[in-house]
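Right, one structure below, let's go through it.
Lettered A, B, C, D, E and F in written order, each chain numbered from 1.
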Amino acid sequence: MSHRPAEFRAFFAYYNAIMNKESGNLSKADKELIIVATSIVNKCPYCVVAHSALHRIYSKNPALADQVMVNWKMADLSARELAMLEFALAVCRAENITEEHFQKLEDQGFDQEDAWDIGIISAFFAMSNRIAHFTDMHPNPEFFTMGRVPREKEKTKSS
Amino acid sequence: MSHRPAEFRAFFAYYNAIMNKESGNLSKADKELIIVATSIVNKCPYCVVAHSALHRIYSKNPALADQVMVNWKMADLSARELAMLEFALAVCRAENITEEHFQKLEDQGFDQEDAWDIGIISAFFAMSNRIAHFTDMHPNPEFFTMGRVPREKEKTKSS
Amino acid sequence: MSHRPAEFRAFFAYYNAIMNKESGNLSKADKELIIVATSIVNKCPYCVVAHSALHRIYSKNPALADQVMVNWKMADLSARELAMLEFALAVCRAENITEEHFQKLEDQGFDQEDAWDIGIISAFFAMSNRIAHFTDMHPNPEFFTMGRVPREKEKTKSS
Amino acid sequence: MSHRPAEFRAFFAYYNAIMNKESGNLSKADKELIIVATSIVNKCPYCVVAHSALHRIYSKNPALADQVMVNWKMADLSARELAMLEFALAVCRAENITEEHFQKLEDQGFDQEDAWDIGIISAFFAMSNRIAHFTDMHPNPEFFTMGRVPREKEKTKSS
Amino acid sequence: MSHRPAEFRAFFAYYNAIMNKESGNLSKADKELIIVATSIVNKCPYCVVAHSALHRIYSKNPALADQVMVNWKMADLSARELAMLEFALAVCRAENITEEHFQKLEDQGFDQEDAWDIGIISAFFAMSNRIAHFTDMHPNPEFFTMGRVPREKEKTKSS
Amino acid sequence: MSHRPAEFRAFFAYYNAIMNKESGNLSKADKELIIVATSIVNKCPYCVVAHSALHRIYSKNPALADQVMVNWKMADLSARELAMLEFALAVCRAENITEEHFQKLEDQGFDQEDAWDIGIISAFFAMSNRIAHFTDMHPNPEFFTMGRVPREKEKTKSS
């Protein structure tokens, strides 16, 4: 991407507007979990591996991202996380979004702004996953292990 | 989108960097055809209808976009357009992109920069289609007829 | 088909028995909408384009058939039309038809005879679409624009 | 169907024009095998069971129809029968039919008229299967055993 | 398999432990019906044909296995058999098994041990079907007719 | 499983006959890679996580199993590993196995006994994955990190 500086800058400006905004109820770990769950649908090695590492770091949970990679419905998710991923995956799969979708989010304490945040992250990575595919991006080797061995032993227990 | 001015600006800045760049071998009609073909896969009413209208206007062909909507492989496409849509749809479907994909483009006179342009348009609209879905965007009524009866020149300006 | 006069006559005799019967609650526009919705599933260019034109003419609605082509569940359909297309598409997809399917039709004012009419049109075009495929039928160019620019201006507003 | 005599007559007139024509290279057993192979795709109990019985009777082969029901590609088919079913199933699945499809038929001794016959039988039963679905037709009990126990013992060997 | 005696013995020892255990509420016919229904999903000619024959013999019903082969949801199944096949097919398709699945079984009088029996038969034949595929096993010709012509005429009536 | 000692013993006797046989050209790491690749298709958290850990330990490669989890066709596999997984996945998906499948294995130095070994491991885990699903097995927390941090730093480089 670096050989096209204008596109490169525009991509990251948009990325920053979405991922680094201060407002809203999504934690950094929430955002990374959305990226892991949707990038696995699009079979994007770079995004799954890099954002799994970030999720492990932000959440201090060394197992959840891997669980979501294999079978998100059987992962140790809270009801709130489950609703968040359901919405993100509906957007990811280009399903028709109905009032029922928003209602399920609201039932878990998400407001309309959060719904937008979940949807836009899912949509943005629908794009990023596809760019990574045709540019053949590979994850750095260190991403595979990052965040797996927490310093404090009590962090190893998955909830 | 307008209630989030920072994201709105970033989206359109990126859109402009991709769609309005001067260089490359893709015509305006080519770009719109890519958007029609990929947006139909994502079942996005707004994008299909608006960009079909733009394709009709740029190409002066009142039928091709509709043909692509129903069954792109049976549409009256040139070999060059067929190769372009094959690549765009492989990116759209998040397929693994191989050397063979790039070779097929090269065989039709596309270079590496064109391959990037086709891929990035397909990827960008993978995002846009999904945003349109969760924001429930509807096409303006005039898009359905625009460019079908090419008499009124004033209709040509795209939003 | 014309080189087989016996089959040609039998096909159209059956077509007439189904499409031009006087009785029942389906309007001409209803019938055409069923054909558009099911022919898009079968990716039949001829049938989608020709019967979209007929729907525009009978319904005086220049946009609805196009909406149904892209994403029937997000089209501006009445509850009655939605139920009609749900049944037609279940038949089109060779799904098991249950009492629940008939109940949903009844809830929208359709009787058993109407259910038969919807089902038989969907089934007949399952056949016609396939014949058009292997005989490589192409729509006449005028079908693409027919019924798009109504003479009276009040017809343009889609609900 | 009998409560709609006009449709009933038109259906059978068309059926006769297709199934009972004298000309062409398809045997009665060939035609029944096409119906079994395509009706299994559409999951139509009546057509599969009734036409399996007819195939057993015409072919004097008590096993082939059952083999085709489970997995047609692994059935004991001749190269000619395999090509015939490949074409029939492409039509059944509403795939785009190309020159390559016709070439494969020609390689096995089928001419253009035979291609039409295979295609039209597949298309006609795409319709019939769907009618049987929404009218909930059930096969007569005797169809399940018909043609299974040939009188001459040498018929039991499947080729 | 016979050229690997250790594996051969282990396979049949496990088969016997599952299929020939005395306890539980599944009849021999129930077990065979599970095998027919799941083997058809895996398109295994040997297992479908051999176990259909066994089902006909154990159940004295010459039609039910064939009905299940074509379209299990439209077969003449009891509510108990329907629940049993629903669970078996969920396991066969590697779906996530939830409390709801077990509840539906319990509603039809199955206990936890029966649920295990249904699941393990479905899982065992997920393996057997695949072994039959890569070893290209073919059913014996007599399996196709076995159990089809009952000696007592009153058995022909399917319920 | 432990509450059914006879089945438990039979399962592990068969497992041992397959996984712990001395002969053949598959390494321990090869066998674990087959299990990872096929268990991800069946979405089995226990098998993917436990056998990924074993693969990391046997292969001393901390990244390959994760790559295979996300997108096996884009993983850093040797041509030999690619052919091995292609065959294993064809068996896993219950595809028809043809001479071409065996030829591709032979081209990479696998003999008929190896083909059997690959096939039987894939088939055995088609069963195991499904048992894990309905018994709701969960991977031990330590499996997630096992084999990720090699003592010698030079092992971190993925080939």
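Here is the rule we go by: contacts are C-beta pairs under 8 Å (C-beta built on N, C-alpha and C of every residue); 3 or more make two chains touch, one makes a residue touch a chain.
Just so we're on the same page, UniProt names per chain: A, B, C, D, E, F = Carboxymuconolactone decarboxylase-like domain-containing protein.
From a predicted model like this one, the values you see are computed outputs, not experimental measurements.
Following the contact convention of this document, A, D is the list of chains adjacent to both chain E and chain F. Here chain A and chain F face each other with the same set of residues for the most part; over half of the interface numbers are shared between them. Chain C and chain D, compared by their mean Cα positions, are separated by 27 Å. Distance between chain centres (mean CA atoms), chain A to chain C: 42 Å.
Each chain gets a centre from the mean of its Cα atoms; for chain B and chain D, those two points are 42 Å apart.
Along chain A, residues 43-44, 71, 74, 96 each make contact with two or more other chains.
According to the touch criterion at the top of this document, the contacting chain pairs are A-B, A-C, A-E, A-F, B-C, B-D, B-F, C-D, C-E, D-E, D-F, E-F.
Chain A contributes residues 71, 73-74 to its touches with chain E in the complex.
Those residues of chain D that touch chain B in the shared complex are 96.
Here chain E touches chain F in the complex through residues 4, 6-7, 10-11, 13-14, 16-18, 21, 41-44, 91-92, 94-97, 115-116, 119-120, 122-124, 126-131, 133-134, 136, going by the rule given at the top.
By the touch criterion given at the top, residues 40, 43-45, 48-49, 62-63, 66-67, 69-71, 74-75, 141-142, 144-145, 148-149, 156-158 of chain D touch chain E in their complex.
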